[in-house]
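To keep things simple, chains are lettered A, B, C and D as they appear, and every chain counts its residues starting from 1.
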């Protein structure tokens, strides 16, 4: 085995770890860099939630699916945690675990029939799942609170630390975000990720080398939905109020848009997309009527003129500006992120 | 449940089914031929309705001419969208077309508020009155609109089955590579199909705008219905759209009247889910990877 | 590649531009002493109509007051500055907007619109003692003593009921039974609750409620079901004009002859456009379509000039800003929202677009925070809408 | 006992009878050819054996075990691995990674070990990599190991397809037209490779149209026509069989 093939496996661990640590250090220092300005902290927390959603949805995408039930599973986590708090008095710590378990269980049961469908049929079937989940929250008014929603879902306390403080909640949301991104990143880097992508690339071939495609599809869907449910739990305790409308198809669609704009081929895509678009959306607020129009224009421009998404920018620059030799990963992401037909 | 009520529910179900079917066939055509997700279908429908509103209610020009003009104008609008936005995405993952059409929803519906105002409008009916048969009300307007829907659906089916361009469309739908080898201009077929699908959608918008009301945000509701129907019936299948329309129409009519509208909505989605689980390509659909 | 670079550069320029203007204060305004008022309204999305009306009403009012020289507080004149952000009518978005207004723009007064938006706002604005003025019919629990800074400046269907029910009872004396139609959400539930109390007060039998989904495209099935109950009158609230019109049309086509009352903000023009000859017998409390007094005519003119169109509903909301301005003067401060709230309780405006307007509701809600004003009831007959009745709500004793 | 024993298998698609009552057996260690005119049901048979389709009737056994109802990942686990007529690869993966995914069955993969990067899982991955490199050397692809699969020339793509299959350590390798689209030199090299694979103890069942290849390397040949077996035997016997000539309608030169 030569030197180069080793890098394929280990991928320069020291550098990667260093980058991760630097990123986390920056995030830790961020509240103090902005002087704990509360509105900016709020935006940061919203960005974290969006990253969580987009990244977990991207995990499903690595098998070649896009789940429109994702917001529904976020809702399952939010409602589980909220009901734990409101009915049983158990704080978020229990709720987030229970939410993840309930979300995972339902995702597993639902995904078995769901995985029979493909492509656009899957899109609609998962939409149906998400819509039914949302409607069930609305339908059982006595238990789930119906359309009026649930109120006063208070943030937890931990010893002297009260997470009603926004800086504290920032760190809580950050921990979840780092956890989710780390899990998805690791999964994607290792053999599990190869298996996922191999199913994405050629399901028939992968099943003929002994990969039980259905099992992995169900597993990925379950993990991603559980992660979305955890996000939902934190979301509920942050906003202190939830109603079924927060978990409708638009939430899933925005997560999808974040992925597409960020880039489809690495875990950096959803992160970049969520950060970029959430901030853009926030900056556009004063434009009043034109806000959504401009947002749409930016979306179209990105898709048409930057097909690999934001994640491909550094590689494009390296490739064209400094004329560095192409490495294989570059080619992969520039190939339009698995866009068929770009040869 | 009296006979009278049953008849009334059945009439409502049939007319709704036909109208839903009309909203959906444009989408099934675009889907079938191009294999892109045109998520902004409802927005096109909204534009069609607004065109007729200005034509008929503001400028006081004849109704049926406006109906045709709306279809023509939206035909070119749809074709333009295809040439400008969707063609560069051809052959790429369907997520890209989904993203672009999502952006179109944002742009068209918000620009609609700016251009048309957020006020709710209505197009005056071209025919009024009703007749009472078997204890149920048969509204002329609904009957005429359902009739037009049926005619348009059959016309599209004829176009696809019997004409040269229809044949070319089906060829492109089934195997784009072979069809281009046989000298079919795929690009042209694509924009024609997109234009035609949009025009059908605009006509549906005109009819629904007359029957109901129009407002810039009405598009997404149509998109939901169209997607439910098209996927249930199977992509690219005209009979599928018709059957899907009837299924949703009857669920809406019977369940809303006998139970609640909330239940009707839930059952509608559950039905789709169950159909897709047992027939993963819809009722009449072709497989699509 | 050049395309990608251009794209990035363009985005950066855009970002910087928006970053610059997102800070709010347009140059030139800095010199004047200003009172900032924040608008958290849905300017896009399904409830945009109401948001746009609210925003127009405040912007117009602020302009008029500023042209007059501003608001006199103590010995100083202040100009009003409106900062508006869009929240699409979604709760989380409304929370974000409220936080931005309070924490970054440091406003102490916010106007909001739509129940979903208001719910998102209250959890933040109340602890911050920010005075809020909203139009919101749902969430009765989130109104009253526990929300001392929360003013409901638009009459809800309950208050309007005391104006339109006396009218309906004289106009259609035979009415014994009524059915209700409303959206399947908290607004619908609370309006049904109001309706029940009203029907009891006026001794009309309640035949129950049918809720519709916001996704409903056709109202035939729902109206068929309602008509099975054989009502004399149908009340629909709080339904947008289009849905009201569709309900009217379906009811008429299915053979219903009685009056349809819709205390939701609506214009007879819309109903006539949609229903045509079937619109007769529709009662629309609330919106005045043909301005009567000089000030009403002026307002309509100003709106047409400034916004290109006069959305009638904006007229109903146009008095809030004048009431607030007067409260500033009376309280002699705008920093202390508690004092302003106290002053606002006693403000009585005479010549607004909705006639006499003041706050009331001490008996009914435990706090004087509910706007009440003259109710202009429109009626459609012979395919024409006309002003059938003007009266101040005949509030029950102890309201 | 035969390695693969097919007993009265039928496969119908609606009214179309793609395979009718087919019986045949593949012996351990042989190279078996499967020929027949287009539409004879050869690829359908592959799909049935590997588990893509469930046969309408009949059963088949592998090493004495009934595998009729196993899905592809199940048959692969028992050691039946196939390639595809249309080149099927993980197009956006590097060549090495293609083969490493092929190692899946013997990769000692565990979900959490892989997620946490335990020393054990890293060691197993290194073993997999070494084994994959060995296969690439054997197939003559070692120097392309970092290329994307989609960028390889056609012949190499076919070889990579076989490499992926080999990585699964099959006992029965089913090749669907392994030399289609190759020039004579390439197909000669491929023939040699196939023989070398057999020499490693892997039984081979192959579909091929190129008679030179089939006659050159197969020890026994089965001929299908319209889903039925019309002949079976050594290349010489097949060459002389009148039914085969009939089936190939004047295909004298073809069978030459």
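To be clear about the criterion, a residue touches a chain if its C-beta (ideal position, glycine included) is under 8 Å from a C-beta of that chain, and two chains touch if they have at least 3 such contacts.
Note that the structure is predicted; figures quoted are calculated from it, not measured.
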Shared chain contacts [subunit A and subunit D, defined touch]: none
Chain ID, smallest distance between chain and overall C-alpha centroids: A
Selected pair, greater C-beta contact count between A-B and A-C: A-B
Geometric centre distance via CA averages, subunit D-subunit C, whole Å: 72
Chain centre separation (subunit A, subunit C; CA means) in Å: 37
Centre-of-Cα separation between subunit B and subunit A, whole angstrom: 33
Rounded Å distance, subunit B centre to subunit D centre (Cα mean): 47
Residues of subunit C engaged with two or more neighbouring chains: 43-44, 184
Contacts with two or more other chains, residues of subunit A listed in rising order: 138, 289, 291-292, 338
Touching two or more other chains - residue numbers and ranges from subunit B: 109-110, 113, 262, 265
Chain contact topology (line, ring, star, complete or other): other
Pairwise chain contacts, counting only pairs that touch as defined: A-B, A-C, A-D, B-C
In the complex with subunit A, residue positions of subunit D that touch it: 50, 52, 71-73, 76-77, 81-82, 84, 88-94, 96-97, 100-102, 104-105, 107, 109, 111, 114-117, 121-122, 125-126, 129-130, 133, 145-148, 150-151, 164-165, 167-168
Complex contacts: residues of subunit A adjacent to subunit B: 66, 113-114, 116-121, 123-125, 127-129, 131-132, 135-136, 138-139, 253, 256-257, 260-261, 264, 289-293, 295-297, 299-300, 303-304, 307, 336-342
Interface residues, subunit C side, partner subunit B - complex: 43-46, 48-49, 52, 184, 210-213, 215-218, 220-222, 224-225, 228, 240-243, 245-246, 253-255, 267, 270, 273-278, 309, 311
Residue numbers on subunit A that touch subunit C, as the complex places them: 37-39, 42-43, 46, 138, 146-149, 239-241, 243, 245-246, 280, 282-289, 291-292, 298, 301-302, 305-306, 313, 316, 319-320
Subunit B to subunit C touching residues, read off their complex: 5, 8-9, 12, 16, 19, 57, 109-110, 113, 117-125, 128, 130, 132, 137, 139, 142, 208, 212-217, 221-222, 224-225, 252-254, 256-258, 260-262, 264-265
